[in-house]
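We call the chains A, B, C and D, going by the order they appear; numbering starts again at 1 in every chain.
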């Protein structure tokens, strides 16, 4: 396996991928993609909101969230710039009973985030397994959606599009049926192996193993290691923001693998800015709100004499 | 048509129109107009809230929103400075069943915003068509209200006052029954033509075609092209804020055509400030909150030795 | 009446009154008074919240709001530092059916704000008239409570404690049954006269006539004219914040007349700071949040070598 | 008792205890502990939210709140980074009927805050007395939980783990059945005595007597006096934030006694920063949000050439 590339994710690599982020003066909100987020349940709506906030702050054109209808007011009050789609048949947990409504909602979306704060009850599990097979768009699979796939290994079917898994080591352990120790002893190998685990057809399987030196691997063996971030990010909600950033970058036209890698870089870089400003204790909401300046500093650096941004 | 004026909207032109914004020391909240906003439905309350925030930050004296009564708590929690009027007969969508209540609410208002996040169901459509004909005040027609007019072309009656349409190219395409391509190929002509499409009587028809170089045209052929703004504004909620600014400027005594032109200028200028400060990813809420300093910098520049502002 | 004093309210006069604001190192939240606010109804909860915010930012020890129980969640979500008392018998409007609950809530309070966003329905009116006679504490009477007193002139009984009226000219016109023109032609005389109108017994009647050069008059003919403020304050919610400041200053031990005068000074000075920072369009919430630094600059100027603040 | 140590709590002492706060680069949110908060009732949800905010801003890995299910939406809307556990059998007040659910929620938690805004009704009292005996984790007991213990002196059983009481003088008076005057006359003796009052077995009893010069005493007679803080902290919500900080520091591995002492130091130091920035009138929310920089300045001072924070 000596010929398999392992790269560092740096500002320089991110810039190479950033061409789609350049905005033509005549661009409109439709030009920058519409992200769909399937997330949130009682006690965990914050996870869904943080994913949406991460996406909006990364330049996504539009963000919609499918939400259990009894929780809709929470979402509407807490975030004005996203839209919600209250699911008629899902009072508190998003479930299979709303599959048609969700497929309809997915039609014009460029990427879909599935999982933050979703819960793992049977109707939700059935939906996650169904969408995994049905949705043609890149699907960012996080948190409870990962746990559902982990507990139904034999029901994980063929994906209809690229799939980006974003586990932390505990979630990857459950997915790959290995111990956290085994993963942490060789994070690179574990992440690569996880890609092959879910490989079924031509569609790309990308695994993002979170933690210090986040790894992004794809099913051809290629893997990248992130160079940003700090332990102040080891707090609730940070992972939710990351899933939103990945979705937003795909919506803006970046390829899923590069989007995942650039997202972990920007996510860590925003955390690094906040650590300098405040010290440990900065919040996931603040990290999301820092993203515009992080992206500007590291990626965009608009040249004032051009018509692009 | 060589004699038809086309002007740029610049700081200088905006200043020429800004006399009504000068405030006498003895002015009170009634002096600066009361705006009514008819907007919001499940999943899209943010649109209504952003319109209100745009209006308040542009110096409007008072802002009230007519809202579906089941959604009232969302509005009250998210924005303290506006008042709401929960509509008894409209649980989730504003509809014709509340027409008397709405006409009563409109009595002392100087301008009315109709449309952001309104939804397009039949009872709402009936109300929009009714108010289009009934309300004597300048009516800013945005988003779903535009879509309703577009799908009922033969039921659009005679307006009872000035009408300001604020479509993006997709909405104008539906209104004028042409393709987006045709519009974008000659934005100026398309906007002018749209004015004549709705002209029925003496009341002014103004069309604001959003996008890079927003165009403001009026039914006599006069058109203006905006010089501010950037593609970071291509994200959800920005248009809602604009409708609120137009309403607020009319409430403060500026003529509808000049109010529309000045609003697009200020809206773009606020976006330009945020692009400098943060880069792409700034939010519509932030754009609204930037307006006071934008207006101060570009328009008001209070002279300390005068009793006006 | 040549012997009746008319003074300007300046930083210097406010400082003379400010001794009770000096805080002993061993002071605790009970030392700085507990304010009760009776305010808010559907569509107007923001008024109550802004009064509470004004009070908390002026250094009040504790703030509680009696609220209609169906609206309780709005208050709790929007303001963490205040407590609420949901009224069992008042679903949407505070009314006479909760008089015992309210009297009990008033027991340990040092001042009470009555009126912002209260509504004027009959059960509310009955309560306002009842509390006007019953409460021994200084009562700050604003907005709808003023309108209720205005429409029941013959039922306004003897107050059981000091009463501070905070009308704008329209409200004073209704209270005194004169035109706004008559008031504005001689604001000083109109304010003084209004004091005598409500004078029934030994308890002080103070009238604060809002507007440019706010006047504070008391029933002995003494009147003061404020020197701060600007027309950017002519927007919704500003008056609600003022009522909270007056309440907070009384809670901290300042006499009602001086509290009213100092509150109008600080309220205007905070507005002046915001006008400098932003220009017109600053919000009532922001004005409340500016108060700590306004009070520090104008009044407290803590001497670092003393044990007081 | 001349041999019993009394120390000042200073930056220097806090730094000596701060080793567990140093973060390894590979740390994750599980490394920094999960805090459980049992708090909040109608009218007092702000207290629970402020405790959570204090904990999150002090670097806690995860924070969950057990909440009455009818109040759940308030918590979810107001704080995105914490999770909630809506209690099925507790509509408005947390009570004994949910004891099994709470014991289950407590399983993987490193510390538990009990009391802010909890209310004192019988079912809540029964729960507090039960958890006092059952929970093996350090339990931070504040506000209404203190009042419950005070009114059931003969039912306070043997604790199953360390117990940290955080009374203000009024609460300590009720707990120890003495007057506030007696306490304030000799705060040190009163705090030490209170420790012995609750001593039943080997588990540590720590008492934090709030007020100017907060005292932290433990049952072996050792006591410490805080050197930070100012009377601007004498306002609602400040104590709630403190309970969250104590919990967060224990979650991060600091021993309960040192956590309590360091928490009062940081809490006061954050208040001192805000007093300098704003003057009196800063809010408890702001104090929580100031903690990251306070901790950074006083404790962490990250050395850039190390892999720790």
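Here is the rule we go by: a residue touches a chain if its C-beta (ideal position, glycine included) is under 8 Å from a C-beta of that chain, and two chains touch if they have at least 3 such contacts.
None of the values given here were measured: they were computed from a predicted structure.
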{"item": "Joint neighbours of subunit C and subunit B, given as chain labels", "value": "none"}
{"item": "Centroid comparison with subunit D (C-alpha atoms), farthest chain", "value": "B"}
{"item": "Equivalent interface positions on subunit A and subunit B, same or different at half", "value": "different"}
{"item": "Superposing rotation of subunit C relative to subunit D, computed on C-alpha atoms, to nearest 5°", "value": "90"}
{"item": "Whole-Å gap between the CA centroids of subunit A and subunit D", "value": "35"}
{"item": "Distance from the mean Cα position of subunit C to that of subunit A, given in whole angstrom", "value": "49"}
{"item": "Residue numbers of subunit A (touch at least two other chains)", "value": "73, 77"}
{"item": "Contact pairs between chains, per stated definition", "value": "A-B, A-D, B-C, C-D"}
{"item": "Complex interface listing, subunit C residues touching subunit B", "value": "42-46, 49-50, 53, 71, 73-74, 77-78, 168-170, 184, 210-212, 230-232, 234-238, 275, 277-285"}
{"item": "Residue numbers on subunit D that touch subunit A, as the complex places them", "value": "21, 23-32, 56-64, 72-73, 76-77, 79-86, 291-293, 295-297, 300, 302, 309"}
